[in-house]
Amino acid sequence: MKLPEKTLRQLLFEMMRIRQIQLAIESRYLENEMKTPVHLCIGQEAVAVGVCANLKKYDYINSTHRGHGHYLAKGGDLRALIAELYGREAGCSKGRGGSMHLADTTIGHYGSSSIVGGGIPIGTGMGLAIKMQKKNKVSVIFFGDGAADEGVLYESINFAVLKKLPVIFILENNQYSVCSKVSARQAGDNIFHAMPAGLLMTKKVNGNNVLDVYNASLKAVARARTGHGPSFIECLTYRIRGHAGCEVQDVPGYRPVGEIERWKTLCPIAAFRKKLLTNKMITLNEIKKMEKKIDKQIEDAFAFARTAPPPKPETLPLYLFRE
Amino acid sequence: MKLPEKTLRQLLFEMMRIRQIQLAIESRYLENEMKTPVHLCIGQEAVAVGVCANLKKYDYINSTHRGHGHYLAKGGDLRALIAELYGREAGCSKGRGGSMHLADTTIGHYGSSSIVGGGIPIGTGMGLAIKMQKKNKVSVIFFGDGAADEGVLYESINFAVLKKLPVIFILENNQYSVCSKVSARQAGDNIFHAMPAGLLMTKKVNGNNVLDVYNASLKAVARARTGHGPSFIECLTYRIRGHAGCEVQDVPGYRPVGEIERWKTLCPIAAFRKKLLTNKMITLNEIKKMEKKIDKQIEDAFAFARTAPPPKPETLPLYLFRE
Amino acid sequence: MTWSKTKQKIIEPAFSNNEGAEGKRILCYDEAIREALQLALSRDKRVFVMGQGVDDPDGMFGATRNLHLEFGPERVFDTPLAEGAMMGVAIGAALAGMRPVYFHNRPDFLLLAMDQLVNHAAKWSYMFGGAAFVPLVVWACIGRGWGSAAQHSQALQGLFMHIPGLKLVMPGTCHDAKGLMLAAIADQNPVLILDHRFNFNYKGMVPPEAYTVPIGKGVIRRKGRDVTIVAVSHLVIDACHAAQEAAAYGVEAEVIDPRTLRPLDEEIILNSVAKTGRLIIADCGWKTGGITAEIGAMVAEKGFTYLKAPIKRIACPDLPTPAACNLDEACSIGRDNIKKALLELTR
Amino acid sequence: MTWSKTKQKIIEPAFSNNEGAEGKRILCYDEAIREALQLALSRDKRVFVMGQGVDDPDGMFGATRNLHLEFGPERVFDTPLAEGAMMGVAIGAALAGMRPVYFHNRPDFLLLAMDQLVNHAAKWSYMFGGAAFVPLVVWACIGRGWGSAAQHSQALQGLFMHIPGLKLVMPGTCHDAKGLMLAAIADQNPVLILDHRFNFNYKGMVPPEAYTVPIGKGVIRRKGRDVTIVAVSHLVIDACHAAQEAAAYGVEAEVIDPRTLRPLDEEIILNSVAKTGRLIIADCGWKTGGITAEIGAMVAEKGFTYLKAPIKRIACPDLPTPAACNLDEACSIGRDNIKKALLELTR
């Protein structure tokens, strides 16, 4: 399928934006002002962007501890994200959540869990609500290969298929859970790929190719919107940085020599950029401009976050219950 | 495969024995002396018998709330079973467990859980122990179609395959969980049948045909003993009685008209009996003798249980901890 | 249904003898709950009922009987045996604007859903600074007997009382069963209702209209000057009977039904102890670290100067429930234990 | 390893200032635990160590570092993220004669395994009248900080203390971390060890040989006549410091480290309160229905006549942990809270 140039450029822009934001967080993280465990998605940008490009503002997403990319790709406010990392009242979760608990209900993001797999049934339940309310929304659930170890995935997919829910399961397989390779935890290929297509649309895509991700999720979204039920898309990708935080904090010794370097050459952004450049769909100059624009946004967001006030101590007990 | 006549007759005898014992429990249950929620396995005898006929005394089994058949087929003591139902100190669990919690460690039965699916990972762990201890045992796990809804099954099979454990998963699909049909709970055919054979041997058998069950589990046991890892066998069968307890206690209205009657005609014992009679492997007279022998055992067990003393009140706090 | 307009009934009719009940409508406990669900389902299309067996021919303890016929299988539905995921599904539906009521016929099975209940439902509103919230009712039946044994007899209120962000409700009357169910459905937050099986033997006055009983308010079931008894769920009626019997010995006990354990109506308890100087707490859960621990410590902290005698904690022995009925009964507590404590404390 | 022959060390060396430590060997907390595991793995081939990340390059908090290299990947292994099943696997292995030590780096994740831990491990021996038993050690690290927030900061001892059949251990020193780990491995029953992350900053005397510290015995860390402080885990050292500071005001506090919360050494607490007449309980978990509730109620029940003043409960506010560091710190408790309570109580 041929996509309009505008869409292609947008995809590139979104990926670049997420990358630059992650890099900015990384470079400032060691200042010890963002006192929250961050999990960067450097190298995995194509997944969030490829999927979310198919979503409307009112569609739901459900994310994980590694959720900056999903939040941004869905349209989450950048200032509110950075302010959240700085533990500010102006943060998207009022500083209560930190990096692992982002939310922006205005864009269908009702909060993410840092319990691995925790968001999967919740996103499924949002799909149930959509169906009961007869709305034309979809509920997308992002989760990692670690979450695919958890039985709750099996239970949730079973329920989504049983009730034909408009749910899209996006397995973001970056091949590791902390220091543990997927082969040390999973017996074989993901069992869900063996589900009959009529029940569950399943696809395995190159998660570093934004167009592959885009096309697979386009189909899944169409299916969900037309009442044909759930889909399961596995995106193979790679986490370039350490599990938590930045490169310098990564423990050495758990990845084979050369693996990171090899995956760096498979960078989803570099590849797509090259493609657009080669096809003359964008110029180097335009890319430079994009970078600048993003840098400005980043500067603005950090400036905002740094000077924003922390929560007032007397607000500590608020929000436990909704009145 | 041709089985020796002796084995065939033994299979019949074991099934008849379990049936007669269940019927005896049923008929006496309404006396209100067995104060424990019983779950009869009438109609499902071929599963327990067909599997356990392949096991040695030292092999492990793990069972469920509907566990009389497994306990008996594995060689559990009848008096101790009935005494357990009567809440006696001489019960197999000293009266502390009741019908749902039988154990007899001398025959590799380390206790069963009444949490649906609860025994699955435990049996898997026993398989892990076997492997670590380099023993030549197998660990067999019986569970129902209800337990197949639970994510713990997925997690346990993944682990068993990952570690190539000598574990045999026996799904006893009697098509109901209480009043809930399997199709109301599961999206499609059991996903585990789609596992690659090299990782997990999977089979679907007529659970009312004791030879089918026998042959499938024979292969699974051989596989497990030779270090080739786990198997998954689904046995299609039917629960003739109500979920808990006896016929008269069954709630009407949840099973299609005629379903019970139809399955009664598919009785695993009648079919097998007929086969042996037709093939002149047994005579009616011999069957009568078997019945009598079993009746005598039953009389003896009930007499024993009825007169056996209940636990002494002062023993209440015992066994919380092993000293 | 505009929940805010639902009338709040704070005054509970006398219940143990149905005094003043003439001409009033009497319902069984299951009917009271069923009526609450029926009203909620009719008035608010966000409400739905899910849980294993809710569409069984008998319903769950009768309380859900035929609701699926009246409201359709989309709004009253059975679930797979997947307690972990189904709790998450209920949370997700609540986040997306629905009002799920999720039934469990035993609290034992809630242990499979602890992660979703404790790590998710209870924390969601706080964790996102109020951006999202989880109006979820989880209902489970506690109780023991008939050799149900260790995994089917637990009364786990002691666990759940420890969780910030979770409201914990344990009605003791038919009236409250209905009113608290409606209050829980109307609440914007996760509420766990634990009903004791014994309660399903109760009959009592239940007004036909929709009303709520406030979550967090206890009630005095019997007035007295000598001892305060805080009794939970079915033990409220046991405590009233014990108090009645002890009155023959000149001991006048005040019986408090807290109705909600979290938030706990500390005031009603402290005020009573200020008057009586003596405290008995009766709960059908385990003793150590359970309900009697919290209420006892709360009074030793905030009402110490009122106390004239050691507090008494009546609770189940710290053991898994044995199957054998003589042992099981030895574990159960009720009227006699309370009476004994009453007399000991005032001797 | 013949556990019964392992020497039991009941006397704990002075630890907060390492008085009398000259010539003794000093280890870090992680080294102390690692030594316990190393000894157990060498001496008893039934022992194995499983858990997410136990074979990571750094080990879990250093405490499992390189054990997989020494004992092989069959005996020290990583697991899938399947906390529910893996707890069952550990139970099954224990039933079949092994001695698993199952590590969790957060107790929050134990909530996924509650069914196996509470419904199975804790009940198994009782449920089968002792026919089978579960010698299982579950180890988890509690602690907060660095914005870990609601799902990565819980201190859930209050939940686990409620469970009959589960032993609950919370060491406060390096010496005890080793001795209690060995005692837990030697125990025939499920033992849950909760170590606070702050403890991993400790150094202390640790004898090199295999020794056990008895489960169920507390220890007096500081003698005093005016107030009893029962402090849990890392708060033991905070309490000692607070007591030291309060001594300047003429207040002499006695500090008790219960070491095991279940079974609880009630005697050591009651004896101390008999002397001091005043009780402070300090715990890093939630207040309501937690450790401070049980210990407070126990004393109000069994030691009421000793008490001269209301008990004081110092615990975390009943809230999910907020991420923002200023709020998080406002939730944390330590030396200053204890000191304040001490002075208030004796004013």
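Letters are used for the chains, namely A, B, C and D, taken in the order the chains are written, and counting of residues starts over at 1 for each.
Please note the rule applied: contacts are C-beta pairs under 8 Å (C-beta built on N, C-alpha and C of every residue); 3 or more make two chains touch, one makes a residue touch a chain.
Because the structure is predicted, anything quoted here is derived from the model rather than measured.
Colleague: Could you let me know which interface, A-D or B-D, is made of more C-beta pairs in contact?
Modeller: B-D
Colleague: So, comparing C-alpha centroids, which chain is the farthest one from chain D?
Modeller: If we average the C-alpha coordinates per chain, B ends up farthest from chain D.
Colleague: So, what's the distance in Å between the C-alpha centres of chain C and chain A?
Modeller: Result: the chain centres lie 41 Å from each other.
Colleague: How many angstrom lie between the centres of chain C and chain D, each centre taken as the mean Cα position?
Modeller: 32
Colleague: Determine the centre-to-centre distance between chain A and chain D, using the mean Cα coordinates as centres, and give it in whole Å.
Modeller: Distance between chain centres: 37 Å.
Colleague: Where in chain B do residues touch two or more other chains at once?
Modeller: In chain B, residues 91, 93, 95-97, 101, 113, 115, 118, 149-152, 155, 158-159, 162, 185-186, 320 touch at least two other chains, as defined above.
Colleague: Of all the residues in chain C, which ones touch at least 2 other chains?
Modeller: Counting only residues that touch two or more other chains, chain C contributes 79-80, 82, 84-85, 108, 112, 115, 119, 126-127, 149-151, 164-165, 318-320, 322.
Colleague: Provide the residue numbers of chain C that touch chain B in the complex, in ascending order.
Modeller: Those residues of chain C that touch chain B are 52-53, 56-58, 78-85, 108-109, 112, 146-152, 317-320, 322-327, 330-331.
Colleague: What part of chain A is in contact with chain D in the complex they form?
Modeller: 35-37, 84, 87-88, 91, 93, 95-101, 113-118, 146-147, 149-151, 177-180, 184-186, 251-254, 310-311, 313, 315-317, 320
Colleague: With touch defined as at the start, can you tell me which chain D residues reach chain B in the complex?
Modeller: Interface residues on chain D, with respect to chain B: 48, 74-75, 79-80, 82, 84-98, 115-116, 119-120, 124-133, 135, 164-165, 167, 188-189.
Colleague: State the interface residues of chain A toward chain C in the complex, per the touch definition above.
Modeller: So the residues of chain A touching chain C come out as 60, 62, 91-97, 101, 103-105, 110-111, 113, 115, 118, 120-130, 132-133, 139, 151-152, 155-156, 158-159, 162, 318-323.
Colleague: Along chain B, where are the residues that touch chain A in the complex?
Modeller: 149-155, 157-159, 161-162, 185-189, 191-192, 194-196, 199-200
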